């Protein structure tokens, strides 16, 4: 059975990735799952300079979901390249870097800094982080800006570039088309939905950052719709995710049009989920007579 | 304790309403709850002409939520006025009509048809229904259109007008401001999020209409954020809802900035929820020393 | 009048594989029950699963204020139901819907129940017998052990004919008219009631039409409100109809001649 | 090495009001446990509640491969835990986190546990006693019946002094240093371990600082991953720090001098 996928030039040994920010730098969960067996580990969002992140509380559970406002805590791209990348490379983990800039120049600069480093399979462009004041989501909500930032990054790198789209937009297809025009090799969909919670005892917002990003099973229907819509209009492979917690969820994403899937919040529930998902997908394919994962992609459009 | 609220001219005996489309025409649940005791019954969305609605399946459960694609099945505004309104009026139910047009003219025409009918406390303008091909959501995603449709309706009626906003937009504040400019008396927030589900056995979308609207607890964080944002920028009272299933949820909405709350999907779980919620709110107010519900509105902004 | 009630669970146990019978004590609800109606049940311990689940009245003892449910575990909601213990309380809403019609004078009735489709037919059988009707029940399941309603059907005084897919009891094969042509020809059936897979009921509808026998069947759709408020459980009964019936309120029982399966 | 395990529940019962003790059999996990670490537990029967819940190791019997948990029902997750029965399996992940440090040579240790804050201190007491340390445990609760760990503490050979808010046992009042000044002056405490409400621990931190006694305390934050991957359980240990500690990985136990409460 063929489980490898080509995500616009990003070669994955299998179609199940773990999403940025939910799997640290690949080793935090190493007691529970071998990171090199996962289709791809998308590392925590990296910025040019180190960021301390937001004051707490940073996370909060909501019905079938969670809010997070980490605020892109990370040690900066230099530390990533110097300290984390070699460890991951040594263990032959398929690594996708995730970068977020404060402006176009920072995106471009980071892309050029990643260039030439062995072991990075591709770049996920975080233009959709709802939890930082500067950078992040405002890059992902205007088609012109999306096109420009993707193009700016593409100019600096030969690595496949995959912008990560925000669901907090009126017209996801317009954003996806702009990303394609900018030269995107693939699309990552979706990042978190904007949300918040209020502590009625303290009579104030729960999160230190007031607003946060909603992830987990609750958002799955939103993710599926956006992927389904984009699959029909944009000819780019999609890394689909949002609320996946079992292989049936994953199959929904493939059928909606995702070439590969990513697990975020699901890792917190079950750190071995990526591998269990894979088993479930293989079993389904065997039983239903599919020989390549590609045959499943977008199959729900054919009805 | 003062539980009455004034929602931009819509006078409610208490701040808990039941949301359009989830409570029929007010009598379907009458064996379980007295509709006249509810703050307001917002009746099923009404169109100018009768509509059969979408083919099934029309609903589907998702994690802590449900999808619906009813497609505005309704007998048309004339039947509403002739058959349902008198029954509701006779029982002194506080009624808010909910109207959806195929174009501006239809909205205006329906507003003029409602004019002068005793017993209607206000009009909720459905400019956010995701489940119909024409009309509905496209009126709610562009600020100019929102301003125009609200203005067109206002010209035809002396009743308070409350547009119901769609969360499927990049900038909810811009939409709310446009509604205010158009002359809205209050805002209803939020309608359902766009979503879908796929039946992996049939390998096709579950819903007959492919896409549907996501409602229920899962969407509460999204609703709270949008209400919180709009409360800060727009000086109109807000009818807040989205995922409310208990009085703690309701208190979150008041604290975020809602003047009154609406229950949608929650009615399906507990048909008596509107009254139980009210009890819970009263108890909280007593214990915490609030004498009017107004004191709670927006309190989370003061932290 | 239907009501909301917290019904005490008397017993709840696995009968075979994924088939369970639960008995509850529901004073307010039991006295209102009619065959073919259903209860709308909150099974969750959180907000997932979220909605109530409809289950038919399998059996009702109005004197004892008890209701029995026969259910098959197919997903989250029924699995949670199966995990409940005697002494716990079940959040029920009902009885809901429009049940089977009962004849004014005694008739020869045919009951055709496939699998858990027998659930609404047992209580119907009980009430029909109380009305002096003569009953023939055709009961089709996969294997003998699934014949949970058999004893009660016989005790009620219904004649029962069985079909099992694996031939472990009665005739071997699916519950289709051909399999029972002998006994059907012998009896002069005046009315047919059926519940089960739609593909099966379709064959019986054709049979009834051929033999000019009126009848009723019970349908299912995914439900939210259960009372006609959400318009979710819509179903076009005939392709040419303009409007959609609501299974929860206009049904779940429909007359055979008002619908095309 | 921590692991994922389905641990069989041996017992799970209400001790008083909303306080429960559960004992589980967890062969893989038990042998790795150190005092102060925690288990990350999936309590849900669906997707709400969604995330695992952290609970301290209350007691561990490595020979029998058993772990005890002491927990207070405060919300959905703990309520579901309380509803579980012996024989069922609990989905645990652990042991996680950085536990209490154990002295190289025997010391006079003070344990200060407020309410369920005693949970991580009992197993610590057991291990400290095995190392020959002398223990004084100050145990503060609302009322006598909440003193669940008392018997075990005494059996382990710890001296125990009690404070109850309602005066039903021991001294009357909150668990603050002033209340125990006599015995504290008599003993020459060399190290303090504490867990409980932060307002309480703050007072003990001040006391320790005044008396130049080193110590450690266990902190809580809402957690998602439990292993340092999500950066959710962040806490600035001192206002002047640039970075945030992660309670799950850098803690839950921290040295008293590295943080300002």
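For reference, chains read A, B, C and D in written order, and residue numbers begin at 1 within each chain.
Heads up, the rule we're going with is that a residue touches a chain if its C-beta (ideal position, glycine included) is under 8 Å from a C-beta of that chain, and two chains touch if they have at least 3 such contacts.
Quick caveat, the model's predicted, so the values are computed rather than measured.
A.B. asks: If you check the contacts of chain B and chain C, which chains show up for both?
C.D. replies: A, D
A.B. asks: Measuring centre to centre with C-alpha atoms, which chain is farthest from chain D?
C.D. replies: C
A.B. asks: Give, as an integer number of Å, the spacing between the C-alpha centres of chain D and chain A.
C.D. replies: The separation of the two C-alpha centroids amounts to 36 Å.
A.B. asks: Go ahead and note the Å separation of the Cα centroids belonging to chain B and chain D.
C.D. replies: That gives a centre separation of 47 Å.
A.B. asks: Round to the nearest whole Å and give the separation of the Cα centres of chain A and chain B.
C.D. replies: 34
A.B. asks: Compute the distance, rounded to whole Å, between the mean C-alpha positions of chain C and chain D.
C.D. replies: Once rounded, the distance between the two centres reads 53 Å.
A.B. asks: Quick check on chain B: which residues sit in contact with 2+ other chains?
C.D. replies: Residues 63-65, 216-217 of chain B each touch two or more of the other chains.
A.B. asks: Residue numbers in chain D touching 2 or more other chains?
C.D. replies: In chain D, the residues touching two or more other chains are 46-49.
A.B. asks: Based on the touch definition given at the start, go ahead and assign the chain network to line, ring, star, complete or other.
C.D. replies: Topology of touching chains reads as complete, every chain touching all others.
A.B. asks: Please give the residue numbers of chain B that touch chain A in the complex, ascending.
C.D. replies: Within the complex, chain B touches chain A at residues 62-65, 67, 141, 168-171, 193-198, 200, 202-205, 210-212, 214, 216-222, 224-225, 228, 243, 248, 251-252, 255-256, 284, 299-300, 302-303.
A.B. asks: Using the touch rule from the top, collect the residues of chain D that touch chain C in their complex.
C.D. replies: Its residues touching chain C are 44-49, 76, 80, 83.
A.B. asks: Tell me, which parts of chain C touch chain B in their complex?
C.D. replies: Those residues of chain C that touch chain B are 1-4, 42, 47-52, 93, 221-236, 242-244, 249.
A.B. asks: Which residues of chain A touch chain D once you look at their complex with the stated criterion?
C.D. replies: Residues 21-24, 28-29, 31-32, 44, 52-61, 63-66, 68, 70, 73, 216-217, 245, 265, 267-272 of chain A touch chain D in their complex.
A.B. asks: Would you tell me which residues of chain D are touching chain B in their complex?
C.D. replies: It comes out as residues 46-48.
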